[in-house]
Structures are given as structure tokens and as C-alpha cells.
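The following pair of complexes shares a single chain, subunit A, combined with subunit B in the former and subunit C in the latter.
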Partner chain A sequence: MDDALIPKGVKRCPLPEFLMKLGPVVVVLIWGIVAMFMCWFKGLNQTNMNDSYGFALWIWADLTVIALGGGAFFTGLLRYIIGKDKLKNIINFAVLVGFICYSSALLILAIDIGQPLRGWFIFWHANVHSMLTEVAFCLTCYFGVLTIEYLPLVLENRQVDQVSFFHHLSHNMHEVMPIFAATGAFLSFFHQGSLGGVAGVLFGRPFAFREGILIWPWTFFLFTWSAAAYGPCFTIMLAKITEKITKKKLIKDDVYALLAKISGWMMATYIMAKIIDTWYWAVVTAPSKGQGFMEFYSDNAFYGIWILILEIVVGGVIPAAILITRKGRSTPALLMIAVVLAVIGVSVNRWVMVLQVMAVPVLTFEGWPMYYPSWQEVATTLLPVAYGILLVAFSYRYLPVFPQEAELNPIDLESDETAESVTASETADAKLSPAKA
Partner chain B sequence: MFPFNFEWIWDMSHMVFMGGLWFALTILGLGMTYCVIKAAIDAAKGKGGGHH
Partner chain C sequence: MKNEQAKKYGMVIDLDKCTGCGACMVACMAENNVPFKKDETNKLDSITWMRVFQLTNGKSFPETDVCYIPRPCMHCEGEHGHSPCVSVCPATATDYSQQTGIVSQIYTRCFGCRYCMAACPYHARYFNWWDPVWPNGMEKYLNPNVSPRMRGVVEKCSFCFHRYQRAMEKAFLEGRRELEEEEYQTACTQACPAGAIVFGDLNNEKHKIHQIVNPDPAHRGRPKNPKAFRLLERLGTNPKVYYLSSREWVRRAGDNYLPHEGSGKGH
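Let's turn to the complex of A and B:
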């Protein structure tokens, strides 16, 4: 039915089967859209946010997808600026994941601001003394960069590519891509950092406050570093999941190994810096502000010392140790364990820096306010996940996301079924070819 | 965002923030303009185009 749109040399399941499999995801998507409109029409009283939690599940999800989407800027930097040519086989997927993450972040923000029709105020009436203004600028511009990076992939669709203008546009965009990639790296450095900086400058909250260099607290650098280290792990994890679902090898092991090795060393250096930062904060910074280390992890129903161990040891030291060893990153099961732990580690880090910051009491008469998201918050947070699955599915089906797929999965032309599929595809291709002058 | 907005002040904060924003937007805008114009010229000339 849609054979003419499917990339050459690869096989896809029939369209009805493809659509049927996406059914449950569409249900989640609709649930999220309903909740989104409830938040827009009825207001933020649909959430469980309150005076203690001005930042809640949405901002955690925002910071997490931005960190996980960091694989796009860092892989782009490695591929186009540093010249790791092997990564050309995973860069399309990294860009796709980044595009989904950043569009999701913007969607969540559009719900979170409560008045989306006034979203443009942050540009028009910018508060130039706020780190969040810088975040908004960089986030929007970087989403523009990701759109520019994703567009050539769309233009390489088998039918779109036959239009001469689109073919040349895609070719030209590839030629100047290093400029866009460098701009993306510049923008990412600042918005990833500023998201960490927002927590680090909270001098009234000793749990988050950090010293640093000039106006930038250490959290500024740790956030950028962690996004560069953990983002590629998310790309690898999703690529592996895509391979499981499609039952195909899509990327060669040496490509995974290279990205995992770089990510592992970035993570190892990051986690050392994080441990030093945590130690200095525990023995110097926090006591100087009047709070002891264990006060942050006791006398409450949820936040124990376990969360620090989960973030630093389970989600940092262990995956870094696996990825920096050749045997660790070349063993599929260990690689998968490492990238999953890394994703958990960075997600916990963002949770701690957004929600635990809000929970820790700072005045003697305060208790630990706890927060449970409403179903509308959960549904709107799952909305981007459903949207992401759909975009990956449609991109995989119709666009040449994985350049090595055809080589790794040669079509068996002797099979009747496949032969029919290819013939039908070629016939449709010929029918849809533009008229020649 | 623009010097003609009522709250605009010519100070370092505005120049750094807005300078950075306009710098990034200019690079993206010029880059895409170059790609689109070159693609239109190449298509009009009937160039074959290379693989990427």
C-alpha cells in the first residue's frame, strides 16, 4: 500500500499491521491530549503543584528529556567538528531522538506556563537577569537547529528526493551541516548549563546551592558535562530497543562501541567531578549555610541516603566502569545494563535537583512537603513519550534513518513474498516518478 | 527583544543576552537562506546532485 514511500533495499511490515501495532500508543497519546486541553482550558488547578512545588513533574521531565536529548548535540559535535566519521551511521538516529526530546520539552513548557498564548512574552519582554531566559532562548534556537538537522532526513524520503529542488536542498544542507552542528553545540552548552545554574544559585536553599566560577555555580558545568556523557547512552538504549522491536541489526557493533567508549570516559570524568562536588558541598558549603549533610536525607517518608547512592554509584560509577572497559562495552548484555543504569542515573540527578530541592525544609518550623502528581500531570508527561514512539516508528518506516540497515539485513530475493514486495515497490516507484521533460 | 520595545535599555545584560540570540538566529537564517537559494539555482540548472 505504501511501498513507494519505503526506502530502497529494506523491508517493512504491511501497513495495516504497522498501524495496528501503534494502536495502544495512539490511545496514550489521546489521553495525554485530553489532559493537556484540560490544563489549558481549566488552568493549573488540574495539577498538584502548590506553593512548595512551583516546579514539579513537568519540570523534572523537561530537564530529563533535555539531558537525554544531549546525545544529539554531543554526537553532532563528535561527527562534524571533531571528525569521528564512524558516527555518521548513528547521527541520524541521534538527531531524531534529540528532535523528539526537545520538541517534547517545548510542549511540556507550553502546558506548564498555563497561558500558552503568552509564550512569546519571554522573547518580546525578556528578563535579561534570569538564567531561565537564556534557557528559553537557547532551547528554542537549538530546537531550530535540530529541525534543520532532521529536515534533510525527511527530504531523503524516496519520493520527496525525486523532486529536484528538495534533492539539492538536502544535499546543500548536508554540506553546511558542520556550521549548524557547531551552533547547536554552542547553544546546548549554555542551556544545559543554565538549567543546572538555576539550582546552583539558590542561596536560600543549601541543598542546591553551590559555589563556582564568576556567575556560574559548579552545577552549571556539571549539567552540561552530564548531558554530554549520558545523552549518547539514551541514544544507544533507544537504538537497541528499536533493534529488538524490529528484530533487525540496524547499527554495526563498532559504531556502538565507539560512542559507548566516549560516553563512558565522559561519564567517568563527570562522576569523579560530581563526587568531589558532593563531598565539598557536604563538608563545607551546606554546613556554612547552617545545615548538616544528613538533614537532607532523614526525617521524611521518601528521601533517604539511597537516592544519593542510586544517582552516583548505581547510575554513575557502575555504568562508567562498564563502558570504559572494552569487554564491558562489547558485551551486548553489559552494554544494555550500563546504558539503562546511566539513563536512570541522570534522571535521578534531575529529580533531585528539581524536586528534592523543593522538599528539603529550610526553616526550623517547616516540615518536608511531599508531592504526588495528578493524573493530568502524569498523562501530559506520557504524551511526549507516545509522540516520540510514533515519530520514531514513522521515521524508521519511511526515512533512511539507519544507513547500515540494508547492508546488515540483505533482502532475500529468492523469497516469493519479498520479491513481490520489491516488485510492487519498484512499480509504485515508477508510477510516482516525476514527469521527465 | 528589539531596541524599539519600551523596556529596552542599552546595557551589558541586554547586549549579551540579545546579542547571543540574534547571533544564533542570524547564523541559522543565513545558513538556510544559502541552502534554499543554492538548491533553487542547482534545480534550475538541472544539476545531478551528489550523494551524501
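Let's turn to the complex of A and C:
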């Protein structure tokens, strides 16, 4: 039915089956959209946030998807600037994941603010002292960069590519892509860092506050570092899941191994820095404000020392140890365990830096307020997940996302009805161009 | 306004006098058109610009002691006006006035990101989770000098800034540039039946607040009066609301201390 749109040399399931399988995802998407409009029309009273939890599930989701989407800028940096050519086979997917993450982050922010129609005030009345201002500017600009990086892939759709203008536009965009990769890395350094700064500058909250260099608290650097370290793990994890779902090998193991190795070493150095930061904060910063380390992890129903262990040891030390060893990253099961633990680790870090910051009492006569999200918050948080699955599914079906797919999954033309239209000569040049760059 | 010495309005609350009657809270709500819900039992989403907390010394009878702490916005100066909330607001919707020392909130510019609430350790900032709804006829009794706030923005104690504006206008009409102490007083100050709240210019030696607190300019306004203290002094927020108490445990409840620094926490 839609054969003409499917990239040459690859096989896809029939369109009705494809759409049927996406049915449950669409249901979640609609659920999220209903909740989103409820929040917009009825206000944030639809959430379980309160005056103690001004930041909650959404801001955590925002920080997390931006960290996980860090795979786009870091893989781009490695591919285009550092010159790791092998990564051309995963860069399209990394950009796609980044595009989903950042568009999701912007959508969540649009729901999260109390007066969505005034969202533009952050640009118009910008306060240069606020980390959130820096986040807004860099995040928006970087989303533009990601769109530019994603566009050539869309233009490579079989039918779109036949239009001469789009064909040449795509080619020329690939030529200048290193400039955008460099711009993306520059912008990412600042907005990832600023997101760390959002918590780190809160000198009224000893749990979050960190010293630093000039105007930048240590969390500024730790967030950038962790996004670069953990983001590629999310890219690898999603690529592996895509392989499971499609029952196809889409990326060669040496590509995974290279990205996993770099990610592992980034993670190992990051986690050392994080341990030093935590130690200094625990013995110097927080005590100087009159709060002892264990005060942050006791006398409440949820936040125990386990969360610090989960973040640093389970979600940091262990995956880093796996990924920096050749055996670890080349064993599929260990690689998968490592990337899943890494994703959990960075997600817990962002949770702690948002929700635990809100939970820890500062006034001596206040207690730990606890929070659980409303269904509207959950639905609007799952909305981007559903949207992401749909975008990956449609991109995979119609765009040459995985340049090695045709080579790794050769089609048996004679026995395959769906590939009837694919001629031998077409197959010869059907190796999906690896983003032509 | 040139030649005028910058003011630094502040408040001192005598906790030995405070009975916890809540008159300050009621006066504040009426004066500032603070919205309320039908059911105010959930204090986590109720708006109380001025809120009275109850503290006990944690001891059993007959040594039990109780103290009430009224908590308005602290109008923190931070360092050079970088109070915790002002420095983080991305849209400059809250500002520290170097002329008055008052932290303002511009409701029509706030877009409701709530970063300021996350930054305030005193929980003095409140979000309008709902649009204000007044009981039938009550809208006629709203204060015409204070604009009601819409859903989706943050609000907080303004030290009744509209009263300052009105007093300044009157003074200008009379050809004066300076206010007398009693010309600008907050609603909570005037409502307190025990006279526990004193409001005035911390920079003006003639004002009672200056005489009571005796702020030390060399240490960011830290009180020289040994009975006076500020909440969470160690954070460096540099608040302009001071408290007085003759009781050691009450003074120590104002801040966090490590175990080896002694235990003074309230409950």
C-alpha cells in the first residue's frame, strides 16, 4: 500500500499491521492529549503539585529527557568534530532520539507553566541572572539545530528525494552539517549546564546548593558531563529495543562498541567527579549551612540513603565498569544491563536534583512534604513517550535511519512479495546512504 | 527622589508577645485580596502571605513550652539585592528595590514557572492553583488598591506596598519627600492586638525597628540585639524580618545546627 514510500532495499511489514501495532500507542497519546488540554483549560490544579512542590514530575521528566537526549549532541560531536567516522551508522538515530527528547521537553514546559500564553516572556523580559533564562534560549536554539539535523533525513525519503530541489537541499545540508554539529555541542554545553545550575544556584536550599567557578555551580559542569556520558547509553538502549521489536540487526556491533566505550569512559570520569562533589558537599557545603549529611536521607517515608547508592553505585559505577571493559561492552547481555542501569542512574540523579530538593525541609519547624503525581501529570508525561514511539516507528518505516540495515538484512527477492518492485540494479545501490555525510 | 537616603523597610516580631491569635493573617488576607478556597484544610495549596507556625520545645509537661512564629515574606536582600527568588526569576517578574528594600512581584509578568518558589527556603511564595472566586457580594469589599491575581501566577507578601505608594503620594502632595514612621505601616502590624509586630525603616535610626534590632551593617544587617535573630541566618539570604525572643530554644529554632553545635530544633 505504501511501498513507494519505503526505502529501497529494506523490508517492512504491511501497512495495516504496522498501524494495528501502533494502536495502543495512539491510545496513550490521546490520553495524554486529553490530560494536556485539561491542564491548559482548567489550570495546574489538575496536578498534585503544591506550594512545597512547585517543581515535580514534569520538571524531572524535562531534565531527564534532555539528559537522555544528550546522545545527539555528543554523538554529533564525536562524528563530525572529533572524526569518529564509524558513528555515521548511528548518528541518524541519535539525532532522531535527540529531536524527540527536545521537542518533548519543550512540550512539557509549555504544559508546566501556569500562564502558557505568556511563555514568550522568558525571552522578552529575560533576566540574565537566571539559569532558566539560559536554559530557555539555548534549549530553543538547540531544538532548531536538531530540526536542521533531522531534516536531511526526512528529505531522503524515497519520494521526497525525487524532487530535485529537496535532493540538492539534503545534499548541501549534509555538507555543512559539521557546523551545526559544532553549534549543537556549544549550545548543549550551556543548556545542559544551565539545567544543572537551576538547582545548584539555590543557596536557600542546602540540599541543592553547590559552590563552583564564577557564576557556575559544580552542578553546571556535572550535568553537561553526565548528559554526554549517559545520553549515548540511551541511544544504544533505544537502538537495541528497536532491533528487538523489528527482529533485525540494524547497527553493527563495532559501532555499538565504539560508542559504548567512549560513553563508559565519560561515565567513569563523571562518576569520580560526582563522588568528589558529593563528598565535598557532605562534609563542607551542607554543614556550613547547619545541615548534616544524614539529615537529607532520614526522618521521612521515602528518601533514604538507598537513593544515593542507586544513583552513584548502581547507576554509575557499575555501568561504567562494564562499559570500559572490552568483554563487558562486547557481551550483548552485559551491554544491555549497563545501558539500562546508566539510564536509571541519570534519571535518579535528575529526580534527586528536582524532587528531593523540594522535599528536604529547610525551616526547622517544617517537615518533609511528600508528593505523588495526579493521573493528568502521569498522562502528560507519557504523552511524549507515545509521541516518541510514533516518530521512531514512522521514521524507521519511511526514512533511511539505519544506514547498515540493508547490508545486515539482505532481502531474498524471489521469495519476498513485498520486495517485488525492487529490481536487481536497485538492490545494488540500495545500501542506505549513511546520511550521505 | 534624589538626595533621598535609600530605605530598607523591615519588620521585627516579638515572639514573647505573640499569642498566635492569627489576627495578622486575617488582616493580611483582607488587605491584600488574598483568595481562599471553600475548604482550606490543605495548607499545601492555600495562600497565606502571612502564616503563623506553632513550635514547641519538645518537652513533656510541665516543661512544655509553646511559641508562635508569624512568617511573612522575608524580603531577603541576599548579596547586593540578589535574594534567592529575585536572582532566579527568568522573566524579571520579581525585583529587589534598592530604594525600599522590598521584594516586589509583578503579577502580569509572571508566567508561572514557580522557580522562585523552589528557591525560597521560607515557603513564603504561593502559586494561584485556581482563579480567585469570591463569595457573592464579597467582591464589593475587595481592596481597590490591590489588584487580585489570576490563576497561574505566583504571589507573596509585599509589605503592603500599596500603602507605601499611597503614603508617598500624600507626602508629595504636601511637598514632602520623606515619610513619618507611622505613615507607612503594614496591615499585620496594625492588626496585631499584642503589639508584637514593629515595622519601619532599618536604615533610619529614629525608627523603632532600628532601635530594637540594632542591625550591624558590617555583617549584612545581623542584629546586635542578643535577643533578636533572623530565620535561617546561615544561608546568607539576609532577610529583613527579625524576631525577638528571650527564650534560647526559640532563637535556636530559627536556624539549623549540627549535633555538636547543640540542639535547638523546634518540633
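Observations
The criterion applied here is as follows: the second predicted complex is superposed on the first by the 416 of 437 C-alpha atoms of A that agree within 3 Å, B and C clash if a C-alpha of one lies under 4 Å from a C-alpha of the other, contacts with A are read in each partner's own complex, and residues count from 1 in each chain.
Here is the rule we go by: contacts are C-beta pairs under 8 Å (C-beta built on N, C-alpha and C of every residue); 3 or more make two chains touch, one makes a residue touch a chain.
Because the structure is a prediction, the values reported are computed rather than measured.
Look at A:T133: by the touch rule set out above, it reaches both subunit B and subunit C. Once chain A of one complex is fitted onto chain A of the other, the partner contacts of A:H125 extend to both subunit B and subunit C.
By the touch criterion stated above, A:L169 is placed in contact with subunit B alone, subunit C being left untouched.
Subunit A has more of its residues touched by C than by the other of subunit B and subunit C. When both complexes are overlaid on chain A, the residue A:A301 reaches neither subunit B nor subunit C. In the superposition on chain A, contact of A:A333 is made with neither subunit B nor subunit C.
Contacts of A:I215 after superposition: neither subunit B nor subunit C is touched. Once both structures are placed on chain A, subunit A residues 124-126, 129, 133 are touched by subunit B and, in the other complex, by subunit C.
In the complex of the two chains, the subunit B residues touching subunit A come out as 1, 5, 7, 13-14, 16-18, 20-21, 24-25, 27-28, 31-32, 34-36, 38-40, 42-43, 46-47, 49-50, 52. Put simply, subunit C touches subunit A in their complex at residues 42, 44-46, 53, 55, 69, 78, 82, 84, 87-93, 109-115, 117-123, 125-131, 150-154, 231-232, 234-237, 253-259, 261, 265-267. Residues 123-126, 128-129, 133-134, 137-138, 141, 144-145, 148, 152, 164-174, 176, 179-180, 183, 186-187, 190 of subunit A touch subunit B in their complex. Residues 43-45, 49-55, 112-116, 118-119, 121-122, 124-127, 129-133, 136, 198, 201-206, 287-292, 357-358, 362-366, 369 of subunit A are the ones touching subunit C in the complex.
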